[in-house]
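First comes the structure, then the notes that go with it.
Chain nomenclature is as follows: A, B, C, D and E, assigned in order of appearance, with residue numbering initiated at 1 for each chain independently.
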Amino acid sequence: MSFRHWVILLPLIAALISCSAASNDKPGKKHTITIAGSTSVMPFTEKLAEHFMVDHKNFIVDVQGGGSTAGIQAVINNTVELGMSSRPLKNEEKRLNTITICYDGIAVVVHPDNPVGDLDLDRIRQIFSGRISNWRELGWVDRRIDAVSREEGSGTRGAFEDLVMKGNEIDDGTMVQDSNGSVKEVVATDPYAIGYISMGLVDKKVKPVAIAHVSPSIKTIKSGRYKLVRPFLYVTNGELDTKSRRFVDYVLSKEGQQILRNEGLVGFYD
Amino acid sequence: MIDRTVLKEHLVKWVLVAFALSSLLFLFLIFIFILAEGLPLFLKVGLNKIIFGMKWAPTKGHFGIFPMIISSFLVTIGALIIGAPLGLSCAIYLSEYAGKRTRMLLKPAIELLAGIPSVVFGFLGVIYIVPLVRNYLGGSGFSLISTCLVLGVMILPTIISISFDALVSVPRTYREGSAAMGATKWQTIYKVIIPSAKSGILASFILGMGRAIGETMAVIMIAGNALKIPTGILDPLRTLTGNIALELAYATGDHRLGLFSTGVVLMVIIMILNYIANFGIKRKIAK
Amino acid sequence: MRINPRYINRLVRMGLNVQAYFTVGILIIIVAIIFFKGFPHTNFAFIFSFPEDMGREGGIFPSIVGTIQLALLSILLATPLGLGTAIFLTEYTKESLFTKFIRFGVESLAGIPSILYGLFGFIFFVIKLKMGWSLLAGVLTMTIMILPTIIRTSEEAIRAVPRQLRIVSYSLSASKWETIKKVVIPAAIPGILTGIMLSIGRAVGETAAIIFTMGSSLRLPLSLMDSGRTMAVHFYILAREGISMEKAYGTAVVLVLSILLINILAYYIMNKAIARYS
Amino acid sequence: MDRFALKTNRLNLYYGDFHALKNVDFQVHSNAITALIGPSGCGKSTLLRCFNRMNDLLEEVRIEGDIYVHDERLEDIDIINLRKKVGMVFQRPNPFPFTVYENMVYGLKVHGMGHRRGWREIVDRWLHTPALELSEEIKQRLCVARLLTVEPEIILLDEPCSALDPIATMRIEELMIELKERYTILIVTHNMQQAARVSDYTGFMLLGDLVEFGETSQIFTSPQDERTEGYITGRYG
Amino acid sequence: MDTKIATDRLRLSFGETEVLKTISIKVHKNTITGFMGPSGSGKSTLISVINRMIDFENNVRIEGDATIDGTSILDGSINPIELRRRVGTVFAVPIPLPRSIFENVAYGPRLKGTSDRTTLHHIVEDSLKKAFLWDEVKDRLGTSALKLSGGQQQRLCLARTLALKPEIILLDEPCSGLDPISTAKIEDALSELKSEYTIILVSNNTKQIARISDFSAFFYLGELIEYDTTEKVFTAPSETKTEDYIQGKFG
């Protein structure tokens, strides 16, 4: 094709694409709900959305990550209908409405081969602040502890700092990963690692540690004995519109809560 | 008739000028927007406290990225130590020793290495290199040495192809002249060809450094991303790029500005490297 | 004592041989690992079905579509810009301060790491121009990213067209643009296509810049304003979060295979071109 | 000394499928200038490059037949000694991109003759200018001089004046005549007047054949072959 | 005899080096004029002024004037593209465009806007015949021009130039790489063509100039040493330089 043809064709193609794009923006009677925010909440919302869309064929639920703060910002700017947050709102965000969809435990996890199965909060705090740096001090082999934390700004890290660190700083030598999944992957591959992740993600690849003899489970959270718990929130700007309400209602329904429960989260019907 | 041709020629020329200017415009936009986001924090916190600050806790008002600057340079130099000799040897082999057929096979194979996405390198690094380091050298495996190994391989294609170009562009007459005086092949390479291609080879090293310092995804998968300056090759570390990629998603307010400040520092480093590679060294070749 | 240069020569030759094959060995190992681990999980259904359970089950169809959309649209935008710039630099100016500036721009763009493109795309397209995470923001960012590749390869291809061909065309009373259109560009087409192929490869393999501009939504992008997830991003998320190693390897096979194909095609075109003019 | 410094016997050379030299029997007399002339592409440079095995640098070259250097078979001579003995100057002057000094001592270094007494005195301080800044003629002279440092016996010149203007050409020609006292010289030239001016013996080649070989005066005044005559009278070329 | 091309005290330098030193020459209509001289004498540069191909060189300074039919061709108002339609050029090395034989010859007419297939075919046939090439290629006009032999390629280049229907043909050492038979064919073609065209033949083969040109000019280091009828120049040159050159004493 000659150069001239290209020059003529390109704008045409671009125009065509944008036309089809424009027409796709109002697809028949389909309703699009856009949700963005915490990567901790995202996988569960995606799961919920998948199920929701099976029963509600005329709905499209678009789930994005981005982090709690970005989600809240997006709600304030009205670019999304729902924000997801794994941390409580800050003061300047308080004018937004929140809906607690469930509670999530934070599990401290180690490699399945690690014999250490029980730590108290103080020990965990000392590990992450660098004051305990060898497994020998915890009654295992003489090997450095590979602590894994989340990155600055993450909701999970925020909750962990509030609930565990209590004003102590996480040591600079601690490894940092940017999602629950990647923390889990590191702990699952490194026998000497310790990290904290959303309880819903715990599976056979990692071993949750009991905290002061209390293992993390839905039961112990419900009974209030397991203390590392945070709410998962949906955030809206003002009242919900009807289409989003349909989705939120589904999430809060028995069916939706059962899905969350299957994922290891603590809902309202347990 | 003639006027129309002349007019058309002018029109074409100005359209092309506009196209050519677009690159400058894009560069300008990138500069402006990264600077606009990154500079305010420098003014607010102070250049020293950012560049030489040891503590990075942006939600608590600490924006020091000195450990990351050091870490970025460490991985880059490490990658160069691994990639440069290997890459240069390959380039010499390809340009001087390999037969036509071998070259036809090896050259594209090496260029394919450049095409493999960096996430694939990162992934394979996590699956194979990290456990290897953990089991045989110690530490968590997420470390300076693992990162350097993976980056060293990743910069190979850059080093090989640019050095190769520099080597083959040494005029044939030099080779003939040297051979005609009874020099062996290696003497010719060592005494004539490499000195003649010196600046191109250096440029390849510097561009390889640029690639290593700019690599992101593979690095955050392997480096461990700890905030301290590593004290040994087995310690985890966080690079400038890693800092941005790890935290951008969650950052707001000053935290986000802090990441853009990291971007500004990275951009300045890259610009200096590029400047050396393109304008300091290539000009010498032209001479 | 002087060692016979001939022995040194032989020794060096052997050493270089080993290193060259070692390097190629790395490539072969990488490709082999991906293929051995991934092929069992790659099949027709995997390519043409939608992912379920965040990618733990099902296929990668939306990612494939997203990748193709991203690559094609950015090529469509970058090619005229890049080719035009290359033509301007080679045919319309002598080396001057102005061309130095443009070349500086191109070289600098080429050297900027992708994460900075990500930062820029995020702040400019996503935030300032309010595009949100969208195919459009991804495409525009990618266009700027691949522009230098297209400019440089086109420029090289155009420069490689023998000067005499132009002289002949001028001597037959062709104007500049006629010469470029009828002689220079047809002769340089293989080189230009190679550049396009390499750019497609880059767009397909890019992660850092895409994740912050195009987002990572798993659904099929139907409009320019939709977010999407390219194969590379999907692979990154699957592998990094340990969602499913099987699916990750499967995605890697499709990803690496398509890049291999693109590169081989580029190389094939290039060789055809060389054969044609030598 | 033997009469022929270089000799070929039924020499055939192929570049891939292309038959570049066809059954060439050729002799170069010692301490004389022998010229090879012929239109471009006739194989004269190829023949020249056989004598110091420069064709080895090319791929897909096949050589049949025998070549002798001072009655010694070419295959029996170590390639490095051969090239030391048979020096070559190229069409375009090709000094290395170093200083004149470094160019001059290159051959000495390569052959491990760096300790030879006196070479330091050969090269003086003015030699520290980059060789590429010299004029074309001086560059070509430098290439000749560089060659002489390794003391060759035979010098091959491949169109040494084609890049030079008439005055520089004249000076290089004078240099050649001076050199033939001590060296055997074989020169390839497309300029038959040059061959007529400087050489003692001339060979005329066409399409890979050595058409005619003899004393220069005889070739130019009474050529035996009508193809030679056609070329010399400028009917083509 | 009418003057077709004339230069008046033409001086030309590339940067610091003066390549043409005050050249004044009148080339007559419908003749073959041979330009000879050793390399670096400026003969090729002079013809690149006549077809304005000199425009593509850098750092050129020109003084004096050059005219065709009495009109200056160095004037800013002259369109070099138009000029090159009147002045065709054949270069030393045959450079066919990488396309078919037919398209090579049709390239110029197409640029002029001729697109009718029959007209084009007539022009192509006519031009190839004039270049003595038609019989060899008439059955394979569609094959690539690069497949032709060197001599055929050079005649194709001549035909391509003729297809422009020029008034002047400049040939820059057109036979330097050719075998005797091809050379003879080109020389025959030129002798036929001179009734319709004004031809300038640049060559360092003095014998060729002696054979076919009507006028001969001898250039040396940028100067026009001698210019007269070929017979006069070759039998009774007025300058010793010319005589030395013709006899092969230098160059």
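The working rule: contacts are C-beta pairs under 8 Å (C-beta built on N, C-alpha and C of every residue); 3 or more make two chains touch, one makes a residue touch a chain.
Here the structure is a predicted model, which means the values were calculated and not measured.
Which two chains touch most often is answered by the contact tally, and the pair is B-C.
Remark: the per-chain Cα centre closest to the mean position of all protein Cα atoms belongs to C.
Taking each chain's centre as the mean of its C-alpha atoms, chain A lies 34 Å from chain B.
Averaging Cα coordinates per chain places chain A and chain D 79 Å apart. Rounded to whole angstrom units, the spacing between the C-alpha centres of chain B and chain E is 53. The multi-chain contact residues of chain B, meaning those touching 2 or more other chains, are 5, 126, 183-184, 187, 245, 249. Under the contact definition stated at the top, the residues of chain C that touch 2 or more other chains are 5-6, 80, 175, 240. Listed for chain E are residues 81-82, each touching two or more other chains. Across the interface of their complex, chain A is touched by residues 52-54, 73, 76-77, 79-80, 83, 130, 132-133, 181, 185, 215-219, 222-227, 240-243 of chain C.
Residues of chain D that touch chain E in their complex: 39-41, 162, 165-166, 169-170, 191-193, 196-197, 207, 227, 230, 233-237.
Those residues of chain C lying in contact with chain B across their complex are 5-6, 8-9, 12-13, 15-17, 19-20, 22-24, 26-28, 30, 33-34, 80-81, 84-85, 87-89, 92, 101-102, 104-109, 111-120, 122-124, 128, 144, 147-148, 151, 175-177, 198, 201, 204-208, 212, 232, 235-236, 239-240, 248, 252, 255-256, 259-260, 262-264, 267. Those residues of chain E lying in contact with chain D across their complex are 38-40, 175-180, 182-184, 205-208, 210, 220-221, 248-251. Remark: chain B residues 55-59, 67, 126, 130-131, 134, 139-142, 220, 224-228, 235-236, 238, 245-247, 249-252, 255 touch chain A in the complex.
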